[in-house]
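Sharing a structure here in structure tokens format.
Order of writing sets the chain letters: A, B and C. Residues in each chain are counted from 1.
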Amino acid sequence: MSDSKLSIDQVTMTNPGRDRTVVAVLAIAAVVLLAGLVAPQWAKFLLTIALAKGLVVLGLLPQMRTGLVSFGQALYYCLGAYAAGLAGKWAAVSDLMVMILIGGSVAGLLALLVGVLLSRYRSIFYGLLSLALSMILYGLLVKTEALGSTDGFNVAPYTLFGYRPEQDAVRYVMLSVVTIIAAISSLVVHRHLQTPLGRMTTAIRDNEIRLEYMGASARRVIYVNYVIGAVLAGFGGAIVASAVGHIDPEMAYWTMSGEFVFMAILAGTASVLAPFLGASIFSAIHSFAFDVSPNTWQMILGASLLLVIVFLPEGLWSLFRRARRA
Amino acid sequence: MDQLIAVCIDGVIYSSWLFTSAIGLTLIYGVMKILNITHGSFYALGAYMAASVTGALLARGMEPMLSYVVLLASAAAVALIVAPLLERGLLRFMYTKDEVVIMLITYACFLMLEDAIKLIWGVDPYFVAEPYGLLDSFEIGSLTYPNYNLILIGIAVASGLGLVYVLNKTRVGRLLLTVIHDPEISRAMGINVDRFYLVTFSFGAFLASMAGAFTAPTLSVVPAMGVDIIVLSFAVVVIGGLGSLQGAAVGAVIVGLVRSISIHFAPELELFVIYFVMALVLAVRPRGLFSVAEARKI
Amino acid sequence: MTLIVSAENLNKRFGAVTAAQDISVGIERDSVVGLIGTNGAGKTTFINMVTGYLKPDSGRILFDGEDITQLSPREVTRRGVSRSFQIAQLYNTLTVMENIMVALSVVLDNAGRSGFFSFADPVVPGFDQRPHDVANMLLERFQLQAYRDRPAQILPGGVRKLLDIALTLVAKPKVLFLDEPTSGVSAQEKFGMMDMVMDNIRSQGGTVLFVEHDMEVISRFSDRVLAFYDGRIIADGPPERTLNDPDVLKYVVGGQHAKG
């Protein structure tokens, strides 16, 4: 009955000479690092958040290539944030890199367990179960006094390799760290998609049974992608926790997961750069539309999502590809 | 003993409310195979329409007992105007798409309707408490409950039985069952499947808006209302089985009781248990307790 | 004369329909066996059972001495059995080249060559070349170069079947099941296609079983024919003998003499 699933563009898998992704990632990272030196503080902050959320969406990318949409990435996003925040509160950890790694690791550990179950589900059931799990965390956090319940708690300013940056440099140093993490993560995921496991990822969406008949375990591929997604979401959560300086249970609410899905669809899954494009556009719309008219930004978002789904199923990124081919 | 009775009564009241709030969702899924996120929008729209219209009319001196009729009429108005527009104007062009894609489309519509509500009614809360307190209360032991809750229970029972009757005993109902079973063959048999989809979607929206309308007098109507009801309805419907009426009833009872027990004995687990049960059911019996839909699971 | 596949007393019913009635047959290594029979006679059910897609109600299947009756398609494939499909099963939105790369990826992954850290491509077991080179070689062998970058879903029917078969050979299977390889292929192209397929298989070695409705294809390419009817094997022998067997003529071929 269905004719158009969430379609993905064809990556230049079979034409390695034309793969410019690595160069593009490094170039963009360099541009951001340079531009950050002169950008206003609010821009540095927004970009940091956009990159952090972009990381979460990057984690969604492999899953979506198999045709699976997780409505529960907020579980790991929030878990990463709380893990990082609690490391600060209970163990006096303030190093940014350590916090980020803790966020990703805790998220990854949970995913190693949960993934065993979730990798057996498909279509909306995958979405619903991931949603339920994230709401479980939400429910737990909201009622836990020790963690501040609905108020959450604050996160102390970060240090990096032992020293605390000056007031003026705080945002820039964080932006730099996040940019480097985002660049490395993109390259890792990009490489992953070129490995046998990565190629099987795209095959699952088209014909999972054929893949099984070739002797592969689709479930294993999905499991690996799920864990990758969780670790990246954990990184993102930890970063936001530190950048914003505050954590609360809303980070696990289903609307947060919805935002990530939104960003993923907005830009598409054709390239590891697309998630960051999606996150940036989303953040831009959110900030500027919200300032202009707080009661219409969701409408604008909803309309954009609709337009993209209907007219550009491969996301905005496909506009780049069309321009290149022309 | 009092506590046990309280748990039961609270459970029944909450379950009734859950049931009414969720059947629209399961009906639409059962017939159209759409996981409709605008379900939350209709709930909120029903609440806002009911609260604003009823409040305005009461302020102009309407006979208070009529407010119940107004509540119902407001819900109907919302469903009969917005739902057909949405279905005919947008959704029906999307039926060939993947079910996850359709769900995302309804999510996009939900986002738009959220703001539409804010634009029309503003962001301040609405109160229309009169219908709630109008009917006095009943007592059981040392516990007092407003009689309004009986209306909630009544609506749940009436909706449930009504739907069961229509589906099983009327010609229209039997045709609908055919459409559910196989839309293609139904079309080939000459059944106007498109009209059934329109009617089903509108009626499902009405059920949601009615739930919202009758909930309005019990709390303050705020923009975030729709957001919470979506996940709660998902939980109920998933536990019972997507597309199943009896499932929605059983799911509502389970969630209602579990929540009630938790509120009285372990309040810190209140939210957690609902989604825990949902996850548990998905893990153990993904099709739900009364399965109609085939769970996509390998 | 060693048996690579041995089916023993296979039974399978779907409700009132008996798809397999006490089927017992042994397949010799490196033989080419044709399976004939009208639709519903039990050929595809037989293939489905041997490849793990269906479990027989009773009986067992041995592959190279091992009992594979309860194994999943994935596990059966890993032991060296591959199959192609009546309706070509491809990765429709991927190009022909990408389809082959997926098949190669599975082989690499099963051999534990993840390729993440190697900056040159890992070497494909069985071919001892890099994946792109193997893929190009296959494209050439099956004359698919013209379709290299076209998505599978827009390919003509015969080409789809060819690709489907090419994919099965990537794993260098010991036993290959071809389910109606020439169905949907025009009469002029059938022989050419089967020639190409059989050449490729012969150069790799392996046992082949193929389902066919075209008796000329059967008699030309198989050295043994199994005739199915009503869930049973009603004839078993070399093509000249089997295709002229009175029962086969009655229940399968329909009274026509096949060229032997």
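Keep in mind that, in the parts below, contacts are C-beta pairs under 8 Å (C-beta built on N, C-alpha and C of every residue); 3 or more make two chains touch, one makes a residue touch a chain.
Nothing here was measured: the structure is a model prediction, and the numbers come from that model.
Chemist: Going by average Cα coordinates, which chain is farthest removed from subunit B?
Modeler: The chain farthest from subunit B, judged by C-alpha centres, is C.
Chemist: Once every inter-chain C-beta contact is counted, which two chains account for the most?
Modeler: Pair with the most C-beta pairs in contact: A-B.
Chemist: Between subunit A and subunit C, what's the gap in Å when you average each chain's C-alpha atoms?
Modeler: Averaging C-alpha atoms per chain gives centres 43 Å apart.
Chemist: Averaging over Cα atoms per chain, report the distance between subunit A and subunit B in Å.
Modeler: Those two chain centres are 32 Å apart.
Chemist: Express in whole angstrom the distance between the two chain centres, defined as the mean CA positions of subunit B and subunit C.
Modeler: The separation of the two C-alpha centroids amounts to 52 Å.
Chemist: Hunt down the residues of subunit B that sit against at least two other chains at once, touch-wise.
Modeler: Residues of subunit B never touch two or more of the other chains.
Chemist: Taking the touch rule as given, give the residues of subunit C at its contact with subunit A in the complex, in rising order.
Modeler: 51, 72-74, 77-78, 82-83, 89-95, 97-98, 101-110, 113-116, 132, 135, 149, 151, 167, 170-171
Chemist: List the residues on subunit A that touch subunit C in their complex, please.
Modeler: 7-8, 10, 13-14, 16, 191-192, 194-197, 199-200, 202-203, 205-207, 209-217
Chemist: Considering only the defined contacts, which subunit A positions touch subunit B in the complex?
Modeler: That would be residues 1-6, 67, 69, 117, 120-129, 131-133, 135-136, 138-140, 142-145, 208, 218-219, 254-255, 258, 261-262, 265, 295-299, 301-303, 305-306, 309-310 of subunit A.
Chemist: State the interface residues of subunit B toward subunit A in the complex, per the touch definition above.
Modeler: It comes out as residues 35, 90, 94-101, 103-105, 107-116, 118-119, 123, 227, 230-231, 234-235, 238, 267-276, 278-279, 282-283, 286, 295-298.
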